[in-house]
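See the structures that follow.
Each of the next two complexes has subunit A plus one more chain, namely subunit B in the first and subunit C in the second.
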Partner chain A sequence: MTVQASAGAVRRRRTRTSTAVRGYGRATPYLFLAPYLVLFLLFVIGPAIFGFWMSLHDWDFQLPGKPFVGLQNYKDLFDPLSATAEPFWHSMRATGIFTVASVPFLVGLPLGLAVLLNRKFPGRTFFRAVYFAPFVLGVAVIGLMFRYILDTSFGILNAFLGLFGISEIGWTTEQPWAFVALVAVTVWWTAGFNSIIYLAGLQDIPPEQYEAAELDGANGWQKFRNVTLPGLRPVTVFIVIITLLASANMFGQSVLITQGGPGDTTTTALMVITDTGFSQFRMGQATAMSYLLALCLAVVALVVFAVVRERKS
Partner chain B sequence: MNTINRRLVLGGIGALGIGASAAVLSGCGEGSAGKPGAAPATGDGGAKGYDGPNVELDFWNGFTGGDGPYMRKIVDQFNSEHSNIKVKMTVMQWADYYTKLPTAVSSGRGPAVAIMHVDSLATNAARNVIEPLDDVAKALELKQEDFSDVVWKAGEYNGKRYGIPLDVHPLGFFYNKAVMTKAGLDPAKPPTNADEYAAALDAFKSKGIQGHWATPFPFTGVLSVQALLWQFGGELFNSDSSKATWHEEGGVKALSWFSDLVKNGHSPKNVAQDADNIAVMNGKNAFVWNGIWNINTFKEKKGLEWGVAPLPNIGGTKAAWAGSHQFVLPKLKTPDQNKSSAARVFVNYVSQKSLEWAKGGQVPARKQVRESAEFKALPEQAALATQIDDLHFPPPVPGIGDALAELNKAVNESVLLKAEPGKALADAAARADKILEANRKKYGA
Partner chain C sequence: MRRRPSAAFWVMVILLTLLVILPLLWMVITSFKTVGESQADPPTLIPQDPTGRAYGEILTTGGQNPVLRWALNSFAAAALHSLLVVTVASMAGYALARMNFRFKNAIFSFILLTLFVPGFVFLMPNYLLMDNLGWLDTLAALIVPGAAGAFGVFFMRQFFLAIPKELEEVALIDGANAWTVFSRIILPNAKPALATLTVLSFLTNWNDFVWPLFVLFSPERLTLPAGLTLLQGAYTTDYPVIMAGATVAAVPVLILYVFVQRYVIEGVANSGIKG
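The block that comes next holds the complex of A and B.
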């Protein structure tokens, strides 16, 4: 009896479970997504909408009056006589120069590094760690360190160059050296991160493809050109996009190493937005700048996708 | 427009907005004396002490440097002498501090007491971050005569007092005595005027020493140029602070004198941040104009023979740049009588202990402390204190720092020899005028 009863219970339970699974509702996928969606709505979409609303006002959260100004904050950015246009476009130019100068190095150099570090040689893990190590440092650390290294009069770099009779270079106070310094520091600092992603990509390329290429008599360069590069395409698209965005969002290096100088030539867009929003407390104008910057970045990202997307043969 | 806006904000569009409006609303009825109807415990402004229940006071400031430990010492001493008040001091970088404080105040997490630079008072008063404290001044019987005029007036905005001066930190003239001796100069007699200064620089040059490195950065290149501007009879802004006037004669003369240091070979080109000061410590540079806070930096350097004097009078009128730390009382979202009274007791206490603070490298704001024998026993601080009546502060106008940031750019470009002083200053003034105009609109002046 008892056996039968329990067997019946088991059967019943089974049926119940199977019905539950069979009858999963339309909401199920969304319920699974819900935890992330809640955070996404709360911390990305919500603030984005709120930010746009802000950008239509003269907004200072501490002042009782927040007059609605419509698109004036945006119009001001295109009016050379306004207080916000010149600093903003100067900073966009600085951001553009830095991005164009740094992305090729940040995409190309780590690729070479990854290919090297993917070979088998003694001490490989050690070198992988060495190249990745700078990335774990905070921007404050590298900023301060390079301010000492790059100092015109007492920096170790100029002292070293002096041995070869090269006269003092104002790494932080003279153009184009200030950009050279910022790009070099950034490459040194973040190249390791991109290398690791490339390395993961390299390890995903099936060894059979290399074997097949070898059987066809391909040399090292041909293998790289025809197996490695196509195999890395998705990874490369990812790296180009995130590097573009990271470079366009450059902030700490300029603040700490060049202080935006000489003049305002290395004052990046983010610096101007931060200054406008959080030290001048013109949050409306600052959010308008942010939206314009975001728009520019979206366009750039789309262009990159269009250029490097996988072509169907 | 305004009401729609307010309603939407209160309707829950953003926690930030709610906090802000609430702070403003509560701020209106609150006044500095706390709850209406209650005994005016702050009426004595802290002069008679505090005998209420135990309270904990948050005290925020940006003393991250060598001055921090001195303030901590004063706070510890205060805590040990007041069993019912516990002051908790929180230190953060000034730059973060000025961003954080308004947000904290608007969300009701602001401190009960804080320190602010004099040039930030007007902005924060206009933005409802701090409350007027005339009652404290009255109760402590602080009078204009106790302070120097500029310092006292600098704590006022719109006819109300918002800051109780703690100290002033003027620019001073630091010199390396060994380098002076090497160039055949008397280290006991640093130059005091333009001719003597020029002669000294030439003496250094004949020995192959670049005697006064000119730095293009705000600390302390721009501060030096501001001092020179006042010396040459210029002003930063016109009388109602609606226009920048630093591109007029005084300003151009000042910036020309300063960037000529580079052109005439008394300074290397492209001096990096702080390199001018380090060079004096290494004996590569002889003169540097730096803040009074530099005293302890030089003291710590072993074997450095140095002296400090008031700034030489280059332009014809004695003048020097200075900053001032002032006590402020941030608005409390929920008025708390006990906190308000205890905070006033604390301000009063520290204000009287400012001699201890002076050891951290500051000039006490109180005349009585400044004239005490103990303060005079701090020779370096006392030397710089003689400038007290020649000090200048930016006008108490909300957002004035936004406009002054443009001057920084002009000095930078000019000292780096990228632009002529006259043009750099005029361009910067034009940009600053736009900012001033936008600020007038924003703050409704």
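The block that comes next holds the complex of A and C.
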């Protein structure tokens, strides 16, 4: 009895000493993680799974019954006769056009801006902060501000162009100007963000590589081509991916500047998804659209990765 | 090694600066014009008949467009949201950076993976969840779900990985428990990272557009971005009023930005490098 008790005490003490050296008990890491993991499971993992479940149902959240329909919501999107297919694919086209038109500018121009800001010049920190500033404003402010600037009759842009004899352009009401306007506004808004990420990447390239290139007699362009660009490859992939994600989520600019028009040419996928789910209450159909769009996005991202890997080898 | 910047370089820098500042300036100028002057052709660069009517319109017309109330809602939601993010993300980030436990890498990879899942996937199911929790049309819907985002955890983990280990080992050998080490030693040393994450989550939440647009309905419950769409609908071509609303939404963040731009920019810069 006593022996057992003291053996237990020894064991306990030993455990205690070993935890003291490790610094924490076995449950401690999980306790630190718990608050976040609860939120993560409840608002990220749960909804991601539940959303897919919804897409397999005729989920009208106003009706009591939500019958299981299998892949019907997905099939409807590929059935030209269904009421949902046409607006959905129009919106996919609008999102696609916007993405294809904006990504090159959002990846290219910020690189130029970053190279500019990477030089040493007086006031560099100030100008860096100015170029980044638009990004701290929300899309609501940006959208309303440019809706006025781009207005066909009252906008200052057309007034300015008029000084050069250019007649009124329907930036918010005519194609292709509506897409030009949406891309330009988005570049104005987010170029600074991407260039700050590039700038961090530029500052990570070891100066020895430039010195070595100089010893080899490389000129400015050759240094850019052979040292800067390869050094920025990982950062560029990151920027392409987050820019693709942001473009696929495009919503506010179209809602506030073009109201999806002219016609439905700038009505983006997210506008149709929210309209189907929140205005028509057909949430099963809306989640099916979301998952299909996410799938398309994943395919594009994989293509980007594949292209980059090929370039490397 | 590098040449001094040329004149062309400075022209470029100044032009870009004007490109950023002029639209914002135009927004503020317009908010002080009369409706007629805001539609004048050619536009007047300085208000000929400056008036505060637009601000009077949005700040006093009670029930219809309670802009001050929207600003207060935006501030409350963003402040509480960033507090929640910093709390849960620093705890989780610390565990993931400094403790050893089963499935650690699997858990972290999984969290990181969700950074690349587009937001619209969560829109409908989270809306239903808000409905079930009774959070629709409340600020809780703006404060809590967004704190499940992976960025904060990723950001804090990166920072904690870089803090020297000796700091906490000494305290642990002295018998301090993990919580004491975390709250007394780690957090005080993580102030820059905590400040950066606070500012970034505040800005993101303040500017969030899609989510508040659908989970809030009552005019007095809206945040500024959601409210601005009401203003656009109600005042269509009364641009001074719309620009005044946009100015009210923009000025607080621009002032905040002037003071904390270093944190914002460093935070964004750090988010990319290790990505």
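As a convention for this text, the second predicted complex is superposed on the first by the 268 of 313 C-alpha atoms of A that agree within 3 Å, B and C clash if a C-alpha of one lies under 4 Å from a C-alpha of the other, contacts with A are read in each partner's own complex, and residues count from 1 in each chain.
Here is the rule we use: a contact is a pair of C-beta atoms (placed from the backbone, for glycine too) under 8 Å apart; a residue touches a chain by one contact, two chains touch by 3 or more.
Keep in mind that this is a model prediction, so the values were computed, not measured.
*Asks:* After aligning the two structures on subunit A, examine subunit B and subunit C and state clash or fit.
*Replies:* clash
*Asks:* When the two structures are overlaid on chain A, which partner does A:200 contact: first (subunit B), second (subunit C), both, or neither?
*Replies:* A:200: touches subunit C, not subunit B.
*Asks:* Where does A:174 make contact in the superposed view: on subunit B (first), on subunit C (second), on both, or on neither?
*Replies:* After superposing on A, A:174 lies in contact with subunit B but is clear of subunit C.
*Asks:* Looking at the overlay, does A:50 come into contact with subunit B only (first), subunit C only (second), both, or neither?
*Replies:* It touches subunit B and subunit C both.
*Asks:* Between subunit B and subunit C, whom does A:209 touch in the aligned arrangement: first, second, both, or neither?
*Replies:* neither
*Asks:* Could you look at A:156 and tell me whether it touches subunit B, subunit C, both or neither (first, second, both, neither)?
*Replies:* In the superposed model, A:156 contacts subunit C only, not subunit B.
*Asks:* Touching A:131 in the superposition: subunit B (first), subunit C (second), both, neither?
*Replies:* second
*Asks:* Once the shared chain is lined up, is A:61 touching subunit B (first), subunit C (second), both, or neither of them?
*Replies:* both
*Asks:* So which one touches more of the residues on subunit A, subunit B or subunit C?
*Replies:* C
*Asks:* Which partner chains sit in contact with A:226 here, subunit B, subunit C, both or neither? Use first/second/both/neither.
*Replies:* Neither partner.
*Asks:* Where does A:119 make contact in the superposed view: on subunit B (first), on subunit C (second), on both, or on neither?
*Replies:* second
*Asks:* Just name the clashing stretch of subunit C against subunit B, choosing from 59-67, 113-121 or 257-265.
*Replies:* It is 59-67; the other listed stretches have no clashes.
*Asks:* Intersection of subunit A residues contacting subunit B with those contacting subunit C?
*Replies:* Touching subunit B and subunit C on subunit A: residues 50, 61, 147, 151, 153-154, 278.
*Asks:* Can you list the residues on subunit A that touch subunit C in the complex?
*Replies:* 20-21, 23-26, 28-30, 32-33, 35-37, 39-40, 42-48, 50-51, 54, 61, 113, 116, 119-121, 127-134, 136-141, 144-149, 151, 153-154, 156, 159, 162, 188, 193, 196-197, 199-201, 204, 234-235, 238-239, 241, 245, 248-249, 251-252, 255-256, 269-270, 273-274, 277-278, 283, 286-287, 290-291, 293-294, 297, 301
*Asks:* Touching subunit B in the complex: which residues of subunit A?
*Replies:* Answer in residue numbers: 50, 53, 57-58, 60-68, 81-83, 86, 147, 150-155, 168, 170, 172-174, 259, 261-264, 275, 278-282.
*Asks:* With touch defined as at the start, can you tell me which subunit B residues reach subunit A in the complex?
*Replies:* Interface residues on subunit B, with respect to subunit A: 1-2, 4-6, 9, 13-14, 16-17, 19-21, 23-24, 95, 98-99, 102-103, 105-106, 127-129, 216-217, 268-273, 275, 278-279, 282, 284, 399, 401-402, 405, 409, 412-413, 416, 418-419, 431, 434-435, 437-438, 441-444.
*Asks:* For subunit C, which residues are in contact with subunit A within the complex?
*Replies:* Contacts found on subunit C: 2, 5, 9, 12-13, 16-17, 19-21, 23-24, 26-27, 30, 38-39, 41-43, 87-89, 91-92, 94-96, 99-101, 104, 107, 111, 114, 116-129, 131, 144-145, 147-150, 153, 168-169, 172-173, 175, 177-178, 181-182, 203, 206-210, 214, 224-226, 228-229, 231-232, 237, 239, 242-243, 245-246, 249-250, 253-254, 256-257, 261, 264-265, 268-273, 275.
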